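As written, the chains take the letters A, B, C and D, and residue 1 is the first residue of each chain.
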Amino acid sequence: MKVTIWNEGRHEQINEIVANLYPRGIHGAIAEGLSEHGIDARTATLEEPEHGLTQAILDDTDVLIWWGHMAHNEVQDEIVNRVQQRVLTGMGLIVLHSGHFSKIFKRLMGTTCDLLWRVANEKERLWVVNPGHPIAQGLPRYFELEKEEMYGEYFDIPEPDELIFLSWFQGGEVFRSGCTFRRGLGKIFYFRPGHETFPTYYQPAIRQVIANSVRWAAPESGLVPFTPQNGQFPAREATPGKDV
Amino acid sequence: MKVTIWNEGRHEQINEIVANLYPRGIHGAIAEGLSEHGIDARTATLEEPEHGLTQAILDDTDVLIWWGHMAHNEVQDEIVNRVQQRVLTGMGLIVLHSGHFSKIFKRLMGTTCDLLWRVANEKERLWVVNPGHPIAQGLPRYFELEKEEMYGEYFDIPEPDELIFLSWFQGGEVFRSGCTFRRGLGKIFYFRPGHETFPTYYQPAIRQVIANSVRWAAPESGLVPFTPQNGQFPAREATPGKDV
Amino acid sequence: MKVTIWNEGRHEQINEIVANLYPRGIHGAIAEGLSEHGIDARTATLEEPEHGLTQAILDDTDVLIWWGHMAHNEVQDEIVNRVQQRVLTGMGLIVLHSGHFSKIFKRLMGTTCDLLWRVANEKERLWVVNPGHPIAQGLPRYFELEKEEMYGEYFDIPEPDELIFLSWFQGGEVFRSGCTFRRGLGKIFYFRPGHETFPTYYQPAIRQVIANSVRWAAPESGLVPFTPQNGQFPAREATPGKDV
Amino acid sequence: MKVTIWNEGRHEQINEIVANLYPRGIHGAIAEGLSEHGIDARTATLEEPEHGLTQAILDDTDVLIWWGHMAHNEVQDEIVNRVQQRVLTGMGLIVLHSGHFSKIFKRLMGTTCDLLWRVANEKERLWVVNPGHPIAQGLPRYFELEKEEMYGEYFDIPEPDELIFLSWFQGGEVFRSGCTFRRGLGKIFYFRPGHETFPTYYQPAIRQVIANSVRWAAPESGLVPFTPQNGQFPAREATPGKDV
């Protein structure tokens, strides 16, 4: 399984708190967490040529993880098109936290992806609402983050295919924190936690969820992808049906 | 539109608090709330012959509202069968609060319908997560109940067709409080609030939700029901397809 | 209820068969069908200024019907943005036939919306798979079109919220012909039939479906829309939750 | 992975055609097909004590496959309860063909599970409508069965969580032939083909689908099941939430 972790990587450069918390970048902490679960991953960041997401890299990626926040608009539309196309032909996509406002997530959802928000240092409790789902495996009934930013409803997304986690916030809000969507052949998982000023990506439960979601989103090994190249992807063509 | 409100009616007889709070019964308070929204309703209770749910009554009912708690097991299986059959041929069904454990709801869901629970007198805040849905019309972003019993996840139901409300509880739990399901031709809405020792069914927002859900669950006026009688309901028969 | 029918209007000008079949345009035939069901509609076409879809017109539209085929790329992105934004704040959208490849439908779906296709003059039979749904009201178990173009699976759309019709084609294909989606506060219905060289929009069953879908997609009369203007739409703001 | 194939096993005893076609029983042919895909399976039949589905067997089963037709009513309710309970705590269930009318499937769906039906020896073509799904892996765009019985819509089931296959029948019908449902922790897959007088269970594509579905339906290896025994299953209890 080939995993690429994409991180904007901007907060780490300009905010001392974030730099101290994530000395190898948010992507580095996520990669470390996957490694604990036996999953290798490469990383890519905004500042690399083509944001590190060349066609060759994407073609060699089974699951892409996305973290972005302050520089969504700097992501080139051409790269967004390329990632979208790759999702539709089978690459899994894990969108984290403020990635809800990324171009690629809004593109795939068709909605504003807006939500309620508050600067906060408060307790978040995530409840499992689909305990048989692969993404919830190995987790307790609920788990907590002592300090997180608050995201609340209404979260302007299409009705998720599956709802895995709901968050409770000390301040009075709730949020659909773990949602799956299918677009084309690709599986998408949105997972809420991960504000850059908190050590969220070092938490064992968070690392478990991300590892679970990567395994869930990977395309089937034996899958023959429907692509225009192999004549199996939807294309405007004649079928042999007429001789029935 | 013909609405029947079914209430177990037992708490009102044996618990002074409930009797004082709901002198005309929980069903009476619900009927009063519907009346404020221009909807007439008849009522039926457990102790009536056939629990007040004769075939004639059900045939004359567009939407049935169900409140039960301590006497689920006293509801006769024959009546449950009859209600289920009527839902499948188009009657709407609104299941309130502890009705999650009623025979009819478990029958239609196929699951235990179990949930987390705690005796509590705490604040519940209901958030709208589907603001364009008919059941959410006229409601603010969220509304509150100062005192309610707590129901929490995991709620063992099938994935709802639509999720309308999520509850936040002061004590740390969340709950899928407003869920729709379709079974056969019938529309079903489960709505969480309504513990018998609180004045929940007098709250304007609660009355708005119940009135909205009744309007939503009513079969279409022009609907030609698929029934065995008119040859339109699924029945094992030949079709004219062979001459294609 | 205020309905606007948008038609590209190009085939009618350059193809004599279409011109003879739809002398008042495809939009004219759809408007006539709605009128039979007591629904008034205005029309708009590609060639009008702003394609006839000014902000004022859209703000005054409850449901927009969309027919396009050969000139999808001529629709200005600015107008697509405008229509998308209006759907997200509550306007219903009915997308017909080759509109599956319109910019607005692809934008709202996030997928290619591609499908199998064959020039054909063959029988299509549409089966009702959700007989209790408002869009299926008044219809028989199935209905037929003697001559239609073939659209087949795989249809590259997100999993529909509800599936209402499935098509069978004489040549051996099937298609999810009636699908609902919710995006933001807006309800969307895709309906397959309607090739420009066939008299599809004169068929009573087709007119019934379109009228039903318009009624279903209209925003609730009493709905208080969540918009930035009234402070109810999702916006990045503080909530009073902290004082809980 | 531990798989149990349950077969009514009655047709094989009384119908010479079926006996010749399936000399080791339908269950034997299904087991042979799984074996080709590297999956071992035990079998159980109606006539065994407790229908071969003792609590010990079920506790040792990850996925149960179900084929039944003429003797649904002979399946004891106590065993149905036991299977249902086991599905809700995580066992996968694959329901084949006429199993749509089995007690266990109707119990889990809550609907009649009725459908249109015709004795037929005609071509069925199954189209993939969810090509990225694990159950569709390794399959072409569509595959055919030269001779099958016809099942048509309306199929009275709840809205499936996912739709994988649609069938086209020569005689003019369509059918939702591959549907997934989640109930509790258990994954359920209904798959249409398999009339006892045709060699359906010897077809490679059918064997591929059944093997795929078994792998998909198996509970996650690392899943800690929510059960009353380990305090993780929904039970009416207090939570530590009050001290938040």
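By our rule, contacts are C-beta pairs under 8 Å (C-beta built on N, C-alpha and C of every residue); 3 or more make two chains touch, one makes a residue touch a chain.
Because the structure is predicted, anything quoted here is derived from the model rather than measured.
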Chain located farthest away, centre of chain D as origin (C-alpha): C
Interface with more contacting C-beta pairs, comparing A-D to B-D: B-D
Chain B and chain D, separation of their C-alpha mean positions in angstrom: 31
Where chain D touches two or more other chains at once, by residue number: 125, 130-131, 141, 152, 154-155, 159, 161-162, 169-170, 172-173, 182, 184, 226, 241, 244
Category of the chain touch graph - line, ring, star, complete, other: complete
Footprint of chain B on chain D - complex, ascending: 84, 88, 107-112, 114-118, 150, 152, 154-156, 158-159, 161, 169-173, 181-184, 226, 233-242, 244
Complex contacts: residues of chain D adjacent to chain C: 125, 127-131, 141, 152-155, 159, 162-163, 166-169, 172-174, 176
Contact set on chain C toward chain B in their complex: 90, 123, 125, 130-132, 134, 137-141, 161-162, 170, 182, 184-187, 219-220, 222-224, 226, 232, 244
